[in-house]
Every structure is written in C-alpha cells, then in structure tokens.
Amino acid sequence: DNGRPVISSGDGRFSMAFRVRAQIDFGAFLQDDPATSTAQYKDLSTGALVRRGFFGVEGKAFKDFWYEFRYNAGGGGGAESGDPAMSIARVAYTGIDHFRVNVGIIEPAFGLEATTSSGQLMFLERPEIENIATDTFGGADARRGIEVAFQHENLFLPGDNLIWTAAFTGSKTTAPGGSAAGHGNGGDEQTQLLSHLSYRFWNDGPSNAIIGADYATILGTGGNVNSYTLQDRPQIRVDGTRLIGAAIGGGNFVSHHGFLIGGHAAANYENFYLGGEYIYYKTDRFNTVTKTADHPDFSGYFLEGSWVLTGEPKTYAVNATNNEIGGFGSPKVANPFSFDGESWGAWELVARYSFTNLDWYRDTPTYGIAGGREGVFDVGLNWYLNNEVKLQFHDSIVHVNKLNAAAGTTQVGQDLNIIGIRLQFSN
Amino acid sequence: DNGRPVISSGDGRFSMAFRVRAQIDFGAFLQDDPATSTAQYKDLSTGALVRRGFFGVEGKAFKDFWYEFRYNAGGGGGAESGDPAMSIARVAYTGIDHFRVNVGIIEPAFGLEATTSSGQLMFLERPEIENIATDTFGGADARRGIEVAFQHENLFLPGDNLIWTAAFTGSKTTAPGGSAAGHGNGGDEQTQLLSHLSYRFWNDGPSNAIIGADYATILGTGGNVNSYTLQDRPQIRVDGTRLIGAAIGGGNFVSHHGFLIGGHAAANYENFYLGGEYIYYKTDRFNTVTKTADHPDFSGYFLEGSWVLTGEPKTYAVNATNNEIGGFGSPKVANPFSFDGESWGAWELVARYSFTNLDWYRDTPTYGIAGGREGVFDVGLNWYLNNEVKLQFHDSIVHVNKLNAAAGTTQVGQDLNIIGIRLQFSN
Amino acid sequence: DNGRPVISSGDGRFSMAFRVRAQIDFGAFLQDDPATSTAQYKDLSTGALVRRGFFGVEGKAFKDFWYEFRYNAGGGGGAESGDPAMSIARVAYTGIDHFRVNVGIIEPAFGLEATTSSGQLMFLERPEIENIATDTFGGADARRGIEVAFQHENLFLPGDNLIWTAAFTGSKTTAPGGSAAGHGNGGDEQTQLLSHLSYRFWNDGPSNAIIGADYATILGTGGNVNSYTLQDRPQIRVDGTRLIGAAIGGGNFVSHHGFLIGGHAAANYENFYLGGEYIYYKTDRFNTVTKTADHPDFSGYFLEGSWVLTGEPKTYAVNATNNEIGGFGSPKVANPFSFDGESWGAWELVARYSFTNLDWYRDTPTYGIAGGREGVFDVGLNWYLNNEVKLQFHDSIVHVNKLNAAAGTTQVGQDLNIIGIRLQFSN
C-alpha cells in the first residue's frame, strides 16, 4: 500500500521496482549574538536544502538474486554537501537458506538506528555516535564492500529472531581526488571490518524487544595516510559544520588503526517505543618523535522514545536484503490525511537525548585531545500524512563544551537551539 | 499521444509517469576579428552542449497528492555549466477546490515565458529580462520553496481563467560551498517573495487572450552577503559568458534588497501568436562611506510572435500543478514526420525582439553603473517532427552597448551574430 | 531473457525499456618496493571503485524513431574519476532502408572492441590503442555529434554483412571549465571526423568472421588550444594513473591536427574466438621557433582470444542503432547458476596481448618524444552466473619501458602485476 510501482516478467523471474525518496530540510540556528560570542562557530547558516534526493530501481533477477541501484542528488550543507551520487549498487545472493551475501556498493547493517532506513527515521539525523561509527569505521551507504548475513527466526525461542552480519568495506564512492581515497599514485584505499549482532528475544504480535552488539575495526587507513577523524554535526545538516571533532594523528602522531564496540537495546509495546545505545571507540596512535604509542579513547550514548498518538504500532523488519534487517521502522498510517471524513494521518511524539565525548586528557598539552563534548536534547512531532508523505517538526537544545586546544584556556563551546523541519516524499 | 509511459495501481490511487527531456544545442558565434576588436568578449566559443538532460518521475500518491522528482545532467556553457542535479523534488497538495500548494524543490509560476515548459519554448532560451527576474528574484527550477496557487475558470466571464500564485523561496540546489548559499558558518540563505497574476479574458475554442502582472522582492541576500547581480547571456548558452551585467553592491556599497514589477499580454488566434512583456527592477543600495542610500533601477522588454505554417493552433494550459499553469505551449503535431505519405510534421516561424538596459547613470563616475545595454533580434524556424522530437534553427542579431566602467571612455560592446540549433527529445 | 523491463503503448508506437549497468572493480597493484624503485609511479593505489553506474531509458517513439538516454554515476580512479554524467542522449532515425542517423550525445561505432558494449567486454578495459583512438580522435560515449550508418546483409555473398559509418563529433559532455571544451571566451570546441568499415565475409550459424578498417582525423583542436595528448591507463582504471603518454605540442611546438588508420580482423568458431587490431597514429606539429613542421607517428596492436568452457557460442550483432553494430558480444548463458541441479552458469577463459609504442625518436633531445612503450599480457576467467550477473577475475603482466625525457638517461619504466576483479550487474 505504499504505491511503489513494479514491473514484472510473466514468469516472475524478473522484477523492477522504482523507488523515490526526497527529503527537503529547513533549519534555523538560534545562537548568541555573534558580536559578543566566543564560540568557535558563531553564526551557523539558517536555510534549506535537499538532504536526500534518491531515485533507484531494485528487483529480482533470475532465481536467488536481488539487485538494487540508487542515485542520490542530495547531501548535507557546507563544503561536503555533495553526498556520493552512486549511493547503492549491489547484487544480493539469497540462494542458501538463512544466509545472504551483498556485494558492490552497499550499506552494511550496523547499530540501532543505522538499521532503520533513512526514509523511516524518527529524527532528522541518526545519533552522532552512530554517524561517527559508520563514517569512520566503514558503514553507511555509498560504501564499497561485501557483507554476509545470517538470519533465523524461532531458533532458540518461539518468536525470536537472530541476526548476525559481517562486512569488509573500503571507502565511499565520493568523488575521489588526490588523497588516499583518490586512487592516485601512493594511496591505497582505507579498509574496515564490521560485525553486527541483533537478537529479538520477545515478540507478541505487533510488540518486539531486541538486544544487540556491534564491533568494527579500521584495518588500515590506506596508502600514505596517517590519520583519521572522529566528528559529526549536531544531528541536523542544514549547516554542514561539525561542532566537535577529534583528529587521531597529525602533529608528531601517526595513526592507522582503531576499533569500536557498542551495545544497544530497544523495544516497542504496540505504539510506544524505547531504545538506547552505547558506543566506545579506542584508537592506536604512535608518536614519531618519542617513539611511543598511546590509545586515546572516546565514547557516547543516546536514549530515545516515541509515542504514536494515533495508535499505530511501530514496525520491526524480521528480514531484508539491505541494512534494514532487524530494524525498527515507521508506523503504517491507518487513516491517510484527507479533508473528507475524520482522516488526519498518523501523529508521533518523539524525544532523544544524545551525548558524545570526543575529549581525551584535554587539559594535558602534549598529547591531550580537545575534540569537545556535546549533548543534544531533541524533541519532535512527526506527521505521517500517508505512507508516502511525512512532515517532521523538531527542536534541538544543544550544549557544546570545547576548549580551543588541548590545555587551552578558552572555552569555544556554546549553547544553541536548532529548529528543524523536514518534508519527505518516499515510496 | 506523447508516449509518456505510466504505471498505475489497480485502484487508481497511485501512478508513476517517466519523463525524459534532452536538449542538445549547437551554437556558432560570428564576431569581428579578435585581433582588432575592442569588445570585452572578443572570441566566444563555438561548439555544442547538453542544455538540458532531464530524467524524472511524477504521479499521484493517495488522494489529493501529486509528486514530481527530476534530475538534470545538462547545463549551460562555461564555468557555471553544471546546472543543479536536483532540478525538481516537490509534493503538491490539491485537496482544496481551486487551490494547490507546492512544497520542496519547486519552479514557481512567473512571467510570460517562464510559465511555458522549457520543453515547449519557441526560442532556445527565455528572454533576458525573465531570466534575470527568475535567477536573482527567486524563480526558475531547482529552487527551495513553497508556492500557493489559486485557479478558477468561468469566474467573471464565461471562458475566463484567473490564476494567482504566491511563493516564498530560498536558494537553488546548486552545489553550495563557501558563500551564503553554502550553508557554512556565517551565511544564511537568500530569500525572496514572488507573486504572479494571470487572467485569460477571452477564449474561443483554440484561441486565447491573456494579460498578467508579476511582483518579486528580495527579502534578504542572506548571511554576510552584501551584493547581488543582474545579468544574463545573449539568449543562447553554448558559450556561458554574460555580455551584460550590473553588480548591486561592491566597492563602497552594500545591498540586501530589491524588487521588480512586470506586466505582460499575449494572445493566440488559432495558429498565430503574439506576446510581450515589460519588467522594471528597483534596487536598494547603501554607501558605507557617505552613509547615504540610493536606488539604481533598470528595465527591459520583449515582443514576440509565431506563425505555425502547417496550421496547428498554439496551446494554452488552463491548469497544471507545476509552473506551466496558464502558459502557452507547443502546437500538437497533426501529421508526424514519415517518408510514407505526405507527413512532414509541424513547422513554425518565430521572431522576437528583446531589449535589456542594465545601465544606470553610466556616465557618472562615483555611483554610476555601466552594466550595458543589449538588443537581440532572434528569428527562427521550428520543426516539430512529432510530439517527441523537435529541431530548432535560429539566428540572433545581437547589439551590445557597454562602457568599460562607469564614466569610462572605451566602448567594449559589439555587434555579433549567433547561429543556434537545438535537437530536442522529450515525452 | 535478460529481464529488461519494458513498458509499451497499446498501438506499439511507443516503448520505454529501463536499463541498468553497475560495474564494481577491485584492483591490486603488485610493484617493486617503492623505497628502491626508480619507476615514475612507484606506488599505485590498490582499492575498489564504481567503474560504471549506468541508469537509462530507451525505446521507440512514433514510426522510425528510437531514443536512448543514459546517466553514469561511475568513472575511473584518480583526478579524472568523474566520467561524464550525461553518457548518452541520442535520437536515431531509421526511416530509410539500410540507413540510420544518430544525433545528440552519441558513442560512434569504431574499431574492434569499441563496437562491443562495455557490458559485454571480455576484459576489464578495452585495449590501450582503442582508448587512445576514441578519447583523442573523437569516439567513446558522452560525445556530442552526429553519425550516419549504412548496413546491408547478403549484399555480395549470402550471409555477409557490410557496415559503413561516418561520424562528425565534438567534445565530451564532461564538466567543462576554462579550457577549449569549457565554452568560455576564446575556446571553440575540438572537432573530429571518424569513419568505420566492417565486413562479415563468412557466417555459418553461430560462427562468424569479419574484417574491418578505421580512419579518424582531428579537424581542429579548438579555440586557442595548441596541443593534445595520446595516453592511457594499463587496461584497468582502479588507479587512474596513465603509465605512458605522448604530448603533441607544448614547448616550442604547436599542434592542431592528426589522424589515425587502423585495421582489424576477428572470428568466432562456435565457442572459440580470436581477434586482433593494428592502429597507426600520425600527428602534425609546428615548431614556432625554427618555423618547421614535423610529423611524429606512433602505433600499437593487440591480439586476443577466448574459449567459452561451457560451450555457449560468442554472439555477433548484425545490426543495432548504437555502437554495437557489427560487434562481438557475450555468450548467452544456457544454465543460469543455482545450487539446485547442475547449473553453474557459463565460464570463459580469455587472454590478450597488447603493445603500445608512444616513443618517437626518443633518444634525440630537441624534437624527440619519450612517451613510453607498454606491453600488457592479460589472462582472465569470466563467470557469467546468468545473463545479468557476471564476475571477472584477471591478472595483467605489465612491462613499461620509458625514459625520463627525450634523450634522458634514466629508465622510469617498471614491471608490475595487476590483479583485477569485476562484479557486474546489467540488464
């Protein structure tokens, strides 16, 4: 009932579905007066942009094969606004029971919200600690790689669902040039290994409860690249500026490796939902002057909840050939919006608190890292007019605590408020 | 009968049509010998390019909703050749009688020719004064915004058609970066308000007569941006150079506001068509040294006519969810081209004179603006082989009168001739 | 049976087929230790990329017209990774017996492998001498131009097939900017003339034998451009570096013209295939100091063979509206891969030796050109899982002999080994 057009061959061996996803975001940044502010980023940019502009085709090809092909003409704000045009280009083989293999340009299953389709997010962006995980540690879409997944229902308990995936990935398909990812003389590609475990231990009709764990490691930063960066935006991308960020490597230091571990739990009881996740990052660094190694570590977490006011339950995807396997999704609208009759679509109230700490011994001059700490409290109202059109109204209260440098004496953090509105069309 | 493929759901609540529009332009610039010419642009670039390369989907989604999603891989010549890839991404709500709302990446209805689809233009480009209006004052495609339209037939007179639209828009979806539109620290988005009025006061079967008026204002240039520019190419974009252009702001001046008013009238009597428009621009400027304000103003007009030699009448769009509302379009081909039988498609003879004056007190040194004056006489022959394939052959006689600077003593204008040919496929 | 979805109108006058082609390449470069190597490019970049990411539509429009429209989101490695987004946008007229005309953004038929679709190549890339021919002398896709083709079966002999094409082309649709192709002030477009002749003189059911010849000339390098370059990568593009290359013009020299002639022959006997081609390039150069002209010339060849182990014959395209006219293609898979039953798809063993010589009097200081000589022996195994999914495993043994400059005393060539793997999905 989502109106996704499909063409099929008579014998059912081939099909092609046409997919569209357009997200238009408006964001307003309410900050202190730039004339007196000491913040690093005093005057973030209010405006609108195309966050995602997907067009894609997917379908069955012969027995046991599935393909998906997706372009993206959207992106975030700022210099990095151009998200990769080739977002997904994968072939999935599903010919062995309980297994599937994804090869090509993939989006590996990972974490709690990264297993929710970007078309079904409760908030405008996924939480910072998940974006750091997927961007730096090899997940997210537009990723060259291969993924193997095992999925089994009713394995230990009636109604349970076990999912285990492992992926080996390279860089994103973003326009390369010059650097390691640029495939030029002197720069091999960065590679990562990821693994995701998710278990639904309770299921009662529309209600579900899951626990999960994740691991990812940077096998090598590639070529002559000696550093990487943990960073993200304040959960909206209308202005592309990252308020916090920790560079691993640089100066006297080189870094080629790092890993993360994470755990999450989530459950929906009919139209109520509650979830949370914690992720811990540990990096390897080598001081080329003192010839000593150290291991800066960082962490973050989030807690989120939702209440579908109109009563539709949250949905859980038992299986999927893409990253949505075992993820929570949008409610299915019972009464699509129309002025005739009492049909107002579905309404959902959501809230999330997210905290990310990218400081490590930040008061120590030689080796400390003053990446910054950020807490974001996001409260929102989602209006699903029907299963294709959605409007989201969000307010984020952001607190940034950041020093101008390791052992620096100037606070360059700030308190700000961000209004975010999204219009989405997707099928 | 335009062969636009459509997939529909059985209950008629969903549909998806697939749209293609490819325009390949060839242009030859016949100029004076560069060795002796004093013109600012002595040697414009002869060659070919993809003016538009659209692929899109559009259709119905549930009751009262319409969506459109369009990519563009074409553009004009020169540094700005890359027109925005995300050309249209809109949701229209049509659930209230006589009203529609367009939200997302839209192309607002505006002026006389800007309400004609780019696939149905009689000339290769819209007239300069309309391009200046839409580029700088918030229209054209790839525009973030919201538009409300009211449309009513047979309101005051039998056969009449009243259209009134209002739109609030931001920037285009062009790759941002660095500047105000870049959504970086310190740069809010430019915003504009537009309104368009069009009235068909006479209709007699295939014949129509309309009058209309337009207003648009720059609400703010956004962020720390203190200027904007009125400029356009000589109605062909194979070479992207703009022969005339007036920068509002710069030097001692800052400018954040400006408005335009315009009026137009057009009519077709069966296979004959005549139309014209006048637009007046007034800008606000502030001299930061003398602390005084002034208001440079500019204007332009065009007159155009067409005769469909094979007798097919011009068409008028009573209603539409996009910018074509109330616009004039191509004739419908009665006999598609084929060597069998006497079927030569449709042939149309067209001519337009356009004049644009971007000078303001150009003989005065301190505050004068020597943007230049340009007259273009364009005569063309359009061959519609069928409703999908069109060939256009045009010759433009261009006269540019421009000083090298305000109160400058060197004439850097020129007389030139431009041959333009377009091949178009569209469905 | 390739599962290409098509929508047609009831009267058969219109159709639209949806095409997808995704090629994900992995490449590993096995070179000497960079610490001791004297090679010009010591450390090529191992990794993966999207070589082609096509989505397109094509079909019939009215009587005698065919259209094709194709986007590309892929490309090669390095700075030039972004292949043109607008890959094909053509209208073909087929209304005169034995003739067709292609206009727009086309890919002219040329040479031996360039008449094979990029989706049906036996190797990862076409041979170097063909890429040099098409890139510099006006072929390949994304090319503005017009092509006329004559094709006739059973003309002189029963079972024969004569093909003759001529094309006039300009530049590619690549994002222009600044240079001649940039359509800026002072730079007309480079233009070329190409002609291709191919004759199938023997046909026996699935078996075919052809001979052919090609000619191409640079009519002018365009605008103020005084040089062009013959160059290519070592038949894999994961690293975009070209190991050899001869610049015609530069220094005291200017060059605006050049031509090539080539000849090829190929045959398949059921599931065995053998082919080869020789191309000779001659350039025109003028020394602006000594006021003398010279004519550096270059050449190259390749020999290739294939054996379809599972017995399916190679295919030959008698006719086509695109560049595949008269070309050899992939075998049609008899038993698509599946774990049920003994269905292992089709397997093909291939080998090619290619040699390219871009040196000209390289031991002479003043006028010699030390472009380099390269021999590549490529052996591969192609696994066609079905008609849509293909995996290719290749190893290339590359020998580069190159001086650091004309009359230079340092050898900057190298011996290296390249592992290449491609996953392809196409319909």
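Order as written gives the chain letters A, B and C; numbering starts at 1 within each chain.
Note that a residue touches a chain if its C-beta (ideal position, glycine included) is under 8 Å from a C-beta of that chain, and two chains touch if they have at least 3 such contacts.
On a predicted model such as this, the values are computed, not experimentally measured, just so you know.
Engineer: Using just the Cα atoms, superpose chain B onto chain C and tell me the rotation angle to the nearest 5°.
Structural biologist: Resulting rotation angle: about 120 degrees.
Engineer: Counting residue numbers used by both copies over all numbers at the interface, does the chain A-chain C contact come out same (over half shared) or different (under half)?
Structural biologist: different
Engineer: Could you please state the distance in Å, as a whole number, between where the Cα atoms of chain A are centred and where those of chain C are centred?
Structural biologist: The computed centroid separation for chain A versus chain C comes out at 39 Å.
Engineer: Would you mind listing the residues of chain B that make contact with two or more other chains?
Structural biologist: Chain B, residues with two or more chain partners: 7, 55, 71, 85.
Engineer: Looking at the complex, which residues from chain A come into contact with chain C?
Structural biologist: Of all residues in chain A, those touching chain C are 7, 9, 13-16, 55, 57, 61-65, 67, 69, 71, 85-86, 89, 91, 95-96, 103-105, 144, 170-171, 173, 175-178, 180-189, 222-224.
Engineer: Across the complex, what residues on chain C touch chain A?
Structural biologist: 3, 5-7, 18, 20, 22, 24, 41-50, 53, 55, 71, 73-74, 77-79, 81-82, 85, 238-241, 336-339, 385-389, 423, 425, 427
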